[in-house]
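Data block below; observations after.
Order of writing sets the chain letters: A, B, C and D. Residues in each chain are counted from 1.
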Amino acid sequence: MSVLVDDDTRVVVQGITGGEGKFHAGQMIEYGTNVVAGAVPGKGGQEVNGVPVYDTVDQAAREEDADASVVFVPPAFAADAIFEALDSPVDLAVAITEGIPTQDMARVNKRLSEVDTRLIGPNCPGIITPGEAKLGILPGNIFESGNVGLVSRSGTLTYQVVSNLTERGIGQTTAIGIGGDPIIGTDFVDALRLFEDDPDTDAIVMCGEIGGEDEEEAATFIDDYVDTPVAGFIAGRTAPPGKRMGHAGAIVSGSGTGTAQSKIDALNDAGVPVGDTPEEVADHIESFL
Amino acid sequence: MSVLVDDDTRVVVQGITGGEGKFHAGQMIEYGTNVVAGAVPGKGGQEVNGVPVYDTVDQAAREEDADASVVFVPPAFAADAIFEALDSPVDLAVAITEGIPTQDMARVNKRLSEVDTRLIGPNCPGIITPGEAKLGILPGNIFESGNVGLVSRSGTLTYQVVSNLTERGIGQTTAIGIGGDPIIGTDFVDALRLFEDDPDTDAIVMCGEIGGEDEEEAATFIDDYVDTPVAGFIAGRTAPPGKRMGHAGAIVSGSGTGTAQSKIDALNDAGVPVGDTPEEVADHIESFL
Amino acid sequence: MKLHEYQAKQVFADAGIPTPPSTLADNVDDAVAAAEEIGYPVAIKAQVQVGGRGKAGGIKLVDDADEAREAADAILGMDLKGIHVDRVLVEGAVDFVNELYVGVTMDRGEGKPVAMVSTRGGVNIEEVAEEDPDAIVREHIDPSFGMHPYQARRAVYEAGVERDVANDVASVLQTLYTLWDDRDGADAEINPLMVTSDREVVAADAVMNIDEDALFRQPELAEMEEDAAGGDDLEAKADEYGFDYVRLDGNVGIIGNGAGLVMTTLDLVDHYGGKPANFLDIGGGAKAERVTNALDMVFSDENVDSVVFNIFGGITRGDEVARGINEALEGFDEIPKPVVVRLAGTNWEEGMEILNEDLVTVEKTLEDAVQRAVANAEEVDQ
Amino acid sequence: MKLHEYQAKQVFADAGIPTPPSTLADNVDDAVAAAEEIGYPVAIKAQVQVGGRGKAGGIKLVDDADEAREAADAILGMDLKGIHVDRVLVEGAVDFVNELYVGVTMDRGEGKPVAMVSTRGGVNIEEVAEEDPDAIVREHIDPSFGMHPYQARRAVYEAGVERDVANDVASVLQTLYTLWDDRDGADAEINPLMVTSDREVVAADAVMNIDEDALFRQPELAEMEEDAAGGDDLEAKADEYGFDYVRLDGNVGIIGNGAGLVMTTLDLVDHYGGKPANFLDIGGGAKAERVTNALDMVFSDENVDSVVFNIFGGITRGDEVARGINEALEGFDEIPKPVVVRLAGTNWEEGMEILNEDLVTVEKTLEDAVQRAVANAEEVDQ
């Protein structure tokens, strides 16, 4: 019924004593997520939202048998928190933090190549398996359990597209916000592979945006390996070349790759219809089911 | 008839324009080694000992289709030279240089875990397949082609033991000087595995010395995996505890491991006879053949 | 954050990269005095952050005091692609025989730094990159190790740099990487890196972009920031407010939360026949004040005829947004431009209760909101 | 190369690790003056590099000037395990409630650095390591990344350091790793790292061993070396000559090339009933002069009754060795101790031709050479 997370997932929240960490840990628990511990150096022994806090992720994961971690740690310390998660017993880390220096993420990226732990994010809304678990900041109430997998580089755009689906009664297996930063853990290809391998996912929505070439690579991957029908959306068609729009992912280089058009063309070539509006995306998905 | 190197091996000499590099490249060529190029930054286009010099190992290996490199580069620059070899098309690097800072070698060691290239040394005499190729500074004339593999942490001790064998008419498949530094590339276990897998090696000599626990690990490996008969020698039986004898490998910790006795016991327990003198080692080998 | 040439050059020079002697001047007399001090020929270079400075007349090579005065007078005060020039760098001219290119940036596709060298430096490097990408040698760096010296050498020899200056160029590249790494660079470039007639290597230009997200640990560079900004007034205001903002040439003002959703809103404005006046992302978790500031921003843009405010709440709460909109609009006797609001997600119902519907038009879906805003703009436009 | 406590402490303090106030003194008056300046109680600590200084009377805690004078007088000039004490460190005593241990070293088995923390610091840490190894938490470091802050925290919390000082201890450990890394440390240790009654963390001792092979890039530390040496006169001479030399208590002097072969020669001396007087490795590629120096070294040891010179040439050439032996011995009217020479390997035949066999006994095999030398020693001994 899902990929990566479900109601068995035992979650540590890093930074649970901070404002955001505390609030969203509460929201996650309210949604039904199995939050089993917090991890904050120096705050071990405390309790927040009814869960015990440990000084290190290692202790939290060991004592509470956790297998996933969500990082709500300020940007200056976030890379270290991710490294800590990668070097602990958890096998999934979800980094919500926005504004982590890119060079820090390059080092994290190197470390990711050495470990089996998966990273989602950073600068992402997280991951949700409707009705089972949400790890991150996604508004749970717009999701509904179902058979569509969703992967997106953009947070609020995800919500928009999900709401277009949910309003038609089309539910989701799992939705993954992979984040809009230049260097991220799980990318489109990784997420597509997960959904392709999930027997309960009957269709996939992929929301990209201008900048980088991840969507182009995803198109190639879809062409080669993905049988599950995919519908796409690309934000930034009207973005002028060379302008920076919001996050670093959204820089259009002048060289013809990374533009909305090159992404749309690549997806179309791979047989993926790309909607002009979120409603059109929902139309495509509806036609697949 | 050999492991790792033979008369097909095409060798680059890093530092071929330096005093040692030039001399030993000449010796290697005289021995019959297929030295195809030198690599020295800024010296590209020159010729030394009749072989062309390139500015980078990459160029040398690419242009001359080399598959091994020998490093004769001063200690301050040797780690960088090893990194360069590891990041080039060669699949064997032999580092002769003595006195490389240990922290440099720790970084090299990390890199070794990421690549397929094998490193022998540093601070080692090199590797020789008698009659075919020598990569390093071993005196070729004491070796003879045959069916005994030899691996040793110490240079001159290797020569001693080899001469004891050769004088009896016992030749060698390949002799590997793995080097006496605290951090080395190929260790006893690696070398033993190569000899065990070599159909032409009928017996193995392993020369260890006090310090570290490599011989103990090798003993365990022999017990578990090695069918080829092995004879051992351990230098430093009379070394007083806590004294530093020559190179960093030869520090006896106070804790009962790393002593000559613990190594001899471990080898004996694995069924490996350990000679009191080099002659006795030759006796054991003779009895195996 | 992009440093000015004179700032980047100072940073490079402090790290040991050879640069020509130079002095910053903000008036003609000082510029001439600097030129005299340095000795002719000198280059007089406008310190503005626009591409193609040279071709646009922002760089002049002069041979004596009269020429220096004339050039400084022409450049100081000129408008270069809309940016006013108020400072010039007076710099000793380099007698060069070759122009190389060296640079360090993050290769986002690979997720690792990359160092670049080319023997075809100079003004046309972008064309070279386009037409003959192999003329630029790329060496990827493992950021856990940093750049190994052999990598700098390899890139330089691979690029075909002449052997007698190869060591110096490799050393400049190594220093450039270290700078890029230590100073949280996004890009660091020297183009051209000149080889002089007496076989020395000199950085004749210097580009350094800093990762904005890392400015917290680069206090020295962060201080340069204000100086380095400049340009469009509204974009400066957006900087002040901390908004991601880009000014465009349409008339439908757009405010939203999250880059992807805001871009989508722009795309829909276009899709329904309108023209976006801007991109404005208020970010995640915005409070009422931030919403007020955003409206203030968009109202300040005289090209804007109509506004669409599109929020899908995750960490952003609909009630906070509604409160901010009310506060921004209740101050006006007459609402300056018609505002269409669409609230969804976290606390959207609370938001709808709070929102003063006398001041704005409310739409339930993104599509409807955008269409209404486009229609409003057309109405005003007529 | 081992730094003295006072040197290591200075290095640590410069890096920001809290240390008690202290002054180095080489006479009683200065020591008392320093104690008065610092304020009692103070510790007076012999600056010699031997283990178990405290137990051997080399550290005294004093409460007033009279005690300080008495202690300084007792310690200055004393012999600690054969080393003359000519300096003391006068150091403010720390009012501690806990003694921790932190250290960084190279784990040669793993081939990577390791940081260590224990709450059972103090004089018995070696026993703790022996009897209860789990009481010392080990955190391996990837040297390409360096120590991540979380690793320092993890080690500290895992060791059970109390939470109110955990941050400070983690910070000391992080600094210690950085020092170890930047300064090419072999080991860097603080034992004890004291927790004071007002919950501060202070390094009450400091150990820093530097990798000799890296001294070329640690000029500041290399300068400390001479000062840090001391001890046995012959070992000092060996340092000067650049030999690997260890003095032992037998009477057969041993010279050879390569650590493994020299150790083997020692082992064979023992095997054949003799007692090695020393370990002396002339290294690879030795020229005649080095050979002469080596013989000079061994002759200077009055315990030596007989010498065995065992060379198996690889880069070392037999002719050079023979020339050196001749030069060393031809100066004597009478050879001071009988010398047995065994030459093998590179150019051994040339060597045998050169060698003046009136001055030495030649043997062809290692076994014969050692047996002859042992016999020579027995003869002299009788």
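By definition in this document, a residue touches a chain if its C-beta (ideal position, glycine included) is under 8 Å from a C-beta of that chain, and two chains touch if they have at least 3 such contacts.
Per UniProt, the chains are A, B = Succinate--CoA ligase [ADP-forming] subunit alpha; C, D = Succinate--CoA ligase [ADP-forming] subunit beta.
The structure displayed is predicted, hence computed values, not measured ones.
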**Request:** Touching both subunit C and subunit D: give me those chains, sorted by label.
**Result:** A, B
**Asked** Counting C-beta pairs in contact, does B-C beat B-D or the other way around?
**Response** B-D
**Complete:** Distance between the CA centroids of subunit A and subunit D (whole Å) is 55
**Complete:** When centres are defined as mean Cα positions, the distance from subunit A to subunit C in whole Å is 28
**Asked** When you check subunit D against every other chain, which residues touch at least two of them?
**Response** 142, 144-145
**Request:** Hunt down the residues of subunit B that sit against at least two other chains at once, touch-wise.
**Result:** 107, 111
**Asked** What pattern do the touching chains form: line, ring, star, complete or other?
**Response** other
**Asked** Which of the chains are touching one another, listed as pairs?
**Response** A-C, A-D, B-C, B-D, C-D
**Asked** Residues of subunit A touching subunit C in their complex?
**Response** 20, 24, 75-76, 98-107, 109-111, 125, 137-139, 142, 152-160, 163, 180, 182-183, 207, 209-210, 212-213, 233, 235-240, 243-247, 249-250, 254-255, 276-279
**Request:** Over in the complex, which subunit C residues touch subunit B? Could you list them?
**Result:** 145, 148-151, 153-154, 157-158, 163, 166-167
**List of subunit A residues in touch with subunit D within their complex** = 41-42, 44-45, 55-59, 77, 80-81, 83-84, 87, 107, 111
**Asked** Which of the residues in subunit D come into contact with subunit C in the complex?
**Response** 142, 144-145
**Request:** Show which residues of subunit D lie in contact with subunit B when the two form their complex.
**Result:** 106, 108-109, 111-113, 126, 129-130, 142-144, 181, 184, 186, 211, 213-214, 216-217, 244, 246, 248, 256-264, 266-271, 276, 279, 281, 284-285, 312-315, 344-346, 366-367
